[in-house]
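What follows is a set of structures to go through.
First chain A sits with chain B, and in the next complex the same chain sits with chain C.
On to the complex of A and B.
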């Protein structure tokens, strides 16, 4: 099946001091097929949220974005001029591609009832009466399993728990059966038991509607549970892009390996283990662009060649990794056989 | 000085009730726990379970409705502001965002010196030396003293939060979601730092978190809280390897990376006067809805508040 979201050579920059441009996302590419879940994972400043906003045309006006290919549900926005792009996005948003943000309150209007807001989302894309839209809103709230949906139609956002609010936002995002759903840390603000249920719900709806999901998260546990494919980002670049099973069986990039190792390991015995740290920190936007691999200064497996040129993407089992030694690592057993 | 065997913190039947337009909210409803010098108690539960209120009540940042709190052998429950001041040196708190309540126009150095000024400790030079020492302890460079909070990364800010809590040489630190907002690699650094500080200073931690994976890493003992009550307490390894309470089992299944699929949660709200988990529990009976199960020892240093599992364990 053809990908419903196909991105190649995506660049996003933000203006720095003077006339400089600071790169937030560099030369990023990925594709997602209907029904598939791609997790984009990385730490603060890796460019994952800028990528999400770029997909929806929601970057701030001062950002500079370009792509060789940005094909959403059959339309290539990279070929359109900026004016046409805005128009395509305006029509696509909600209908072909929708987004869920981390904090549901930022997506909800505090002075409108839940019913009014979900109905409005329905009416934004379909010419139906308010009455019919309210009926659809009721169905959607039941679909996302909000208890007492009838009464909740007349509730205001502050009267709902965080988990219920995020269900409302999901209901709104799904109102028009988008081909692509981009979820930026959709459950980070929620309790673990609620998080698991909201992710179960998204998975279930996805199975039914064949929506392609781009799940942006910092949580490798969530990735292990939910993703078909994983894109690991570091300092604005893809460092590893592979099938989830292959990546967790034998992570090929030293950054992926270090991230996996740094998570607390359940079920330890004896003396409390020390968590393996990654020395140093992620380079800021203004500190990038040096020759060599961006992870080289922090990498435990660095070679002299790593500091000279950008490592090419190496093709391995289930995908690619940008590391000179990727083949060697992908052939090794994972440092943590059973993840989670 | 109290004898060493005496716990640094002892909480008995603590209750914190709030009056709301919809009646009384029992945020903390009869909690007892104790913490020894150098020990970490992980307090885990979902938002709204009362864990943060409990942490704040222990430091008398919110007023307890009933029960008692003993810090290093002294009953602090009824103490007034002035009498409380020396006890503030014993117990300190670290929040998720330590700067939410601090002045953004103050330098890090001034923020760290403030507790010393309030408690009248040292002269200007002595306090400056103490600030350098605190920065060094938490792994920050000495020149961080001249910086402003917005110039620091999330991990550096939390290091400052920890340094500020250390300023008065406390023996107990209540950490409320202290690493929850940090990236994985930064979280690892801060958890290691907390471990080092505990080893060198003999600190006791009350580590409050919603994240059972993190609690499992840091804690010696774990207390699981729900609906204002403790539902299961015991040694870390026992709780995470063999959870007895159905809610603890739920929490463990929900830890990301386990691929467990949760059964659907029941609708509705907790029944007053019943088990706080009854409306969500697959094993709930009429008794669970009518009678609050008390926390009772069930062997192996584990205590449990469940009508059903307690019966099974006794049988």
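On to the complex of A and C.
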């Protein structure tokens, strides 16, 4: 099956001091097929959210984005500048690709009713009356299992719990049956008990509608449970991009290995020994561009050659990784293979 | 809002609060005016030219000014509660009659000024924010700063000189032309007189609201829910009107509520400059004539006006922002 989302050579930069441009995302490529889930993982500042916003043309006005290919549901938008081709992008957003945001309270308008906010999403893409759109909103609220959907139509966001609000956001995203759904840390702001239920709902809808899902998260437990493919980003670049099963069986990039090692496992109670952490931090936007592998300063398996040139993508079992020693690591069965 | 028990409780509490505030203001007014030297008897006696101590004493007895302070105060409060504003010995008319005669003119001036300031200021601020950094923004922001910094009386004088004297587009002062008839002609006549005074009074507040609205829109534009609205594929116009403007208006409403009092204060000045027959000028005259009863009456009414305006703002706010309303 052809991918419904096909991205190649995506670059996003933000203006720095003077006339310089600081790269936030560099030469990123990925593809997602209908019904498939791609997880994008990495620490904060790795370019995950910039990637998500670029897919919807929602980057801040001052950001500069370009792509060799940005094909969404059959249309290539690489040549359509979001500022210049507003109408093309407007129809595309919410219609073919929709987004679920991290913070359900602030992503809903506090002074408009739930019903209006869901109904306007329908009306943005279909010529239906408010009455009909309200009927659709009711169906959508029931679809995302909001109890007493009829009354909730006239409720305001502050009258709902965090989990309910996120369901409303999901209902808005589903309004026009998008081919691609981008979820940017959809459960980070929610109670742990609610997180799984919201993710189950997304998975169920995905199953039913064959929507392609781009799941941005730093929760590797979620990734192990739900992703088909995983894209690990570091400092704006893909460092490992592989099938989830292959990646969790034998992570090929030291950064992936470090992320996995830093993850609490079932049975861990918070007592000692402490979880291993990755020393240092992600280089800031202005600190990139040095020769060599960007992860080299923090890497436990660094070689002298790592500091000389940027490692090429190496093709491995189930995908690629950008590390000189990727083949060596991918061949090792990690002691912590049983994730999830 | 009002129909629910919680809503009724809220508004009952707000009303009680307002009564308390108005009474306290009345008390302070009374004390302040009694601290000031001189009384109506002195002024009257001075004007009549025969200021013998006997005449003064007789006048004071007649006006009740010779009674002990607590008695005067008690009488005053008792009368306030029954809305009896007393008698203006200077004008020879009941205070209530004098005030009611002037109230419409002031209300007209104030509502026109506030309307102008809010509508024009809001529109300009919105436009400036939408074109932030552009030429329109620079122009609007510059003008707003200019009006913000210019004294109201000077604006009034300059508007009079340019538009009334040189260009002769509008009358110099007053609210009606002499010998004006009633009917539609009279409304047009008043409207003609009602251009320069509200412009004078409103320009400063317009500048305030322009700046406020600009900042508010810029703030709201960056909120997450606006990004959500864009992610839904809404048209720019709908996002601006329904999502940004609706939220950006809230601070304006709050500020109007706070400023009603100072707009009323500004009306005194503008009414004097344009000889507008309103409460402000009446208060001005009463002050100089030591017409204590009249002045107290005007101040009492002003505090009620401001209280009612604030209540109206609360009501508007509760309608605009569903998160607010029932918390007392």
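Just so it is clear, the second predicted complex is superposed on the first by the 326 of 340 C-alpha atoms of A that agree within 3 Å, B and C clash if a C-alpha of one lies under 4 Å from a C-alpha of the other, contacts with A are read in each partner's own complex, and residues count from 1 in each chain.
We take it that a contact is a pair of C-beta atoms (placed from the backbone, for glycine too) under 8 Å apart; a residue touches a chain by one contact, two chains touch by 3 or more.
Everything numeric in this text was worked out from a predicted model, so none of it was measured.
Engineer: If chain A is used to align the two complexes, do chain B and chain C fit next to each other or clash?
Structural biologist: Superposition result for chain B and chain C: fit.
Engineer: Angle at chain A, chain B to chain C, CA centres, as a multiple of 10°?
Structural biologist: 70
Engineer: So, A:278: does it touch chain B (first), chain C (second), both, or neither?
Structural biologist: In the superposed model, A:278 contacts chain B only, not chain C.
Engineer: Quick check on the superposed pair: does A:158 touch chain B, chain C, both, or neither? Answer first, second, both or neither.
Structural biologist: second
Engineer: Which partner, chain B or chain C, touches the larger number of chain A residues?
Structural biologist: Residues of chain A touched, chain B against chain C: more for B.
Engineer: After superposition on the shared chain, which partner residues are touched by A:228: those of chain B (first), chain C (second), both, or neither?
Structural biologist: Neither partner.
Engineer: For A:43, using the defined touch cut-off, is the partner it touches chain B, chain C, both, or neither? Pick first, second, both or neither.
Structural biologist: first
Engineer: Could you tell me if A:27 is touching chain B, chain C, both of them or neither one (first, second, both, neither)?
Structural biologist: In the superposed model, A:27 contacts neither chain B nor chain C.
Engineer: Which partner chains sit in contact with A:8 here, chain B, chain C, both or neither? Use first/second/both/neither.
Structural biologist: The answer is neither, since A:8 touches no partner chain.
Engineer: Go through the superposed model and pick first if A:148 touches only chain B, second if only chain C, both, or neither.
Structural biologist: Touch partner of A:148: chain B, not chain C.
Engineer: May I ask you to decide whether A:258 touches chain B, chain C, both, or neither, giving the answer as first, second, both or neither?
Structural biologist: first
Engineer: Once both structures are aligned on chain A, how many angstrom separate the closest C-alpha atoms of chain B and chain C?
Structural biologist: 7 Å.
Engineer: Touching residues of chain A toward chain C in the complex: what are they?
Structural biologist: 56, 58, 86, 90-95, 98-99, 101, 103, 106-112, 120-121, 124-125, 156, 158, 169, 172-173, 175-176
Engineer: Which residues of chain B touch chain A once you look at their complex with the stated criterion?
Structural biologist: Those in contact with chain A are residues 46-48, 153-155, 183-189, 191-192, 195, 210-214, 216-218, 237, 240-241, 250-251, 253-262, 264-265, 267-268.
Engineer: Using the touch definition up top, name the residues of chain A that touch chain B in the complex.
Structural biologist: These residues of chain A touch chain B: 43-44, 145, 147-148, 161-162, 191-197, 200, 218-222, 224-225, 258-259, 262-269, 272, 274-278, 281, 339-340.
Engineer: Which residues of chain C touch chain A once you look at their complex with the stated criterion?
Structural biologist: 223-225, 227-236, 238, 242-243, 246-247, 320-323
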